[in-house]
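Each of the next two complexes has chain A plus one more chain, namely chain B in the first and chain C in the second.
Our next item is the complex of A and B:
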């Protein structure tokens, strides 16, 4: 058991060796930093205009509490995992010494670790970019109050809802949003992994695009405009979509904080973890039939 | 400059691409203004066309696309030839330094060329479309300030294109990655914006938006921006030659 676990970890950590001096990996992190700048620009300009400060985590909360930002940030991972299923020169040796199952588990552990690093980098970038206008104490700022309790927040399309402010504090909200993003992104990447192994790279990329489009299309605002739904139906549609759309599950303010019938954070975590476990089992199953092709062995 | 470099960098397809992209993007970015003009029955004010061109060339969408557009003709040239094995053939006939110098100069010129031709094309298209519906200047005093502003902007477009193309060439050679020839100028552009807007507002000389739309006094009636950008282009070119020499040492 311990030997197997060691092999899984070795297969996972071996992939990190390719990060050193890798232009693609560097590009992903720099683009993520630029994306954070572009996404936080609205809130920083707002705070500057009102001459107010922000809590250090608020920029992350308002930015990644929005489904579009989560979607944009997650799509950058397509570049990070462009070489999926990570077949390297060491793969034949891993397969000789351990089973396919151990190898693929190693790849999944690598995905979890690298996604964690990527999201941590996103969080730190957002904090660094807003640091000149921020404080660290665990209380909501004046900027947040203006955004939540006035019409200006709605005009800026920032999800600074009153319920977020009243139900928790900045660091706790940040942790919830980080966890939701992590689970959503892992679900997306695991789907990509299944399709990559099962049907090839193109199918992997297409599966991510379909998964993301499904989330975008199931937006209550879009549906209301499209189907011209009255207010009472809009609420029902919002609750229904809150349950069936993975992107809405990843959106913090689309959860039940005691006001409505949307999924609670705990239910969302269970749904995502359930999906991830199912996708892990599916990946292990499809790996059994996966035909490995190593460079230099093609006839 | 080597003839085969100039032939590839200044081919007609880049001329068409630069013109097409800039004109199309300009139209998209000013769609509301164009629609307004289309719907109005009155003649436009004298000098409207020139100010329209200048405002469009300084618009956010065009500024966003310029770093990528300028790299298209020739920024990946060194890495393409290196990976295809053509460099060995070339340096057996000419000196390594001449080869690298030619790449650096032609890349800078091609980057400047694609952007300046695009801006010129936008001016021509705008004049053809809007000048006939603009009031005649015979009864008013001819103001040549917009023309001077356009000439200055044209020059700044040229040097900006040269700088971004050279940056792409330098980073693609440094990291031996073709992809970075197109992506690195875009990344550097935004990193410089972040550097200025979030941390060092006093450092306006490294602010890319200031290079095209100067709000501070740069000296010589803002012509010193061109000198500054040329100095940066020369620095990137020198960096490329040094990195290229190191790469070619084993050939």
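Our next item is the complex of A and C:
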């Protein structure tokens, strides 16, 4: 058991060894930083204009509490996982010393760890970008209060809501958003892995695009227009979409904090973890019939 | 003589092209088998099926009486080189082999050093594998295959990129391994490699395999085969 676990971890870390000097990996992190800069810019400008301070985590909370930002950030991972299912010229040497199950579990552990690193980088980037105007105490800032209690948050298309402010504190919110993003991204990448192994690389990329498009297109406004629902049904449509859209599950403010019928954070976590476990089992199953095609690693 | 690898009615197609057509053969212990044939004849595909990397459409592969894909995913006591060996380019040869050896945990640094020395490389060499020549990488690939002293060696074009001296060194090494009762499957485009090393020569032609030379029966005679080499 311990030996197998060690082999799984070795398979995972083997992929990290290809990160050193890898232009694609560097590009992912540079683009992620640029994305964070672009997305946090409006809140930083807003704070500067109002001469108010911010809590260190607020830039991350207001930026990635929004489904569009989550979507953009998650799509950048397509570049990080462009070499999925991570087969190189060195893979046959690894395989002959392990098993298909060990290999694929190693790849999934690699995905979990690398996604964690990517999201941590995103979090650190947003913190750094707003650090000059921030404090670290676990209380909401004046900027947050203005955004939530006035119409200015809506005007800036920031998901700063009274609900978020009154039901939690900055570090707890940050942790919830980080966890939701992590689970959403893992679900997306595990789907990509299943299709990659089952039907090939193109199918893997297409599966992500379909998954993301499903999340984007499925919003209450679209549903209301499509079904020509009267205004009073908007809330019902919102609740319905909140349950069936994975992107809404990943969006912090689209949750039930005790007074509506949206999914609770706990329910979302169960749904995502259940999906990830199911996708892990599916990946292991399709790997049994997977034919390995190797390519060289050296320049 | 004990059968180590048994291939039964192996068939495999890529789209409309059938690359293996009901290939059946038994590879016995302690012999060197040469697999020859033109490009695209199915040599590498056959080796990949034996290694368990490709799933055949039909047929079975047994290695040490274990069915590949059922009883074991890959041959358990085998060293392999399939196509151009790939390593971590930003690490030394020694580190690369240490990482691979840590998976089975059977051997230590000293044994790895010995394997690297056997193939004519310097285990203390600080140069990263990314800066190795093709010949050096090939040698490192052979060291990787032999370091854990496996009973079976599956070597697809193992002498690619080696100079004359290197080829002679590797021939000696392979003959030494044969004397230790290893079963070796070797594909090569060089007639000299086949002449010097192989006990039995099998030719792959359009997905079919047939034995064209059996030196175990014609001991002392020079192998004769035609049309197998490009």
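The working rule: the second predicted complex is superposed on the first by the 285 of 299 C-alpha atoms of A that agree within 3 Å, B and C clash if a C-alpha of one lies under 4 Å from a C-alpha of the other, contacts with A are read in each partner's own complex, and residues count from 1 in each chain.
FYI, a residue touches a chain if its C-beta (ideal position, glycine included) is under 8 Å from a C-beta of that chain, and two chains touch if they have at least 3 such contacts.
Since we're looking at a predicted model, the values are computed, not measured.
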Chain C versus chain B on the shared chain A, clash or fit after superposition: fit
Contact breadth on chain A, by residue count: chain C or chain B: C
Spatial angle chain C-chain A-chain B, Cα centroids [nearest 10 degrees]: 90
Contacts of A:37 with chain B and chain C, given as first, second, both or neither: first
Touched partner set for A:3, first chain B, second chain C, both or neither: second
Partner chain(s) touched by A:92 [first = chain B, second = chain C, both, neither]: second
First (chain B), second (chain C), both or neither touched by A:17: second
First, second, both or neither for A:129, with chain B first and chain C second: first
Smallest separation in angstrom, by C-alpha atoms, between chain B and chain C in the superposition: 11
Contact residues of chain A, present in both the chain B and the chain C interface: 21
Partner chain A, residues of chain C touching it in the complex: 48, 51-55, 69, 72-75, 78-80, 82-91, 96, 99-100, 102-105, 129-130, 132, 137, 144
Parts of chain A lying in touch with chain C, wherever the complex brings them together: 3, 7, 10, 14, 17-18, 20-21, 88-101, 288-292, 294-299
In the complex with chain B, residue positions of chain A that touch it: 21, 23-24, 26-27, 30-31, 33-34, 37-38, 44, 129, 132
Chain B residues touching chain A - in the complex, by the definition given at the top: 175-177, 179-180, 183, 187, 190-191, 193-194, 198-199
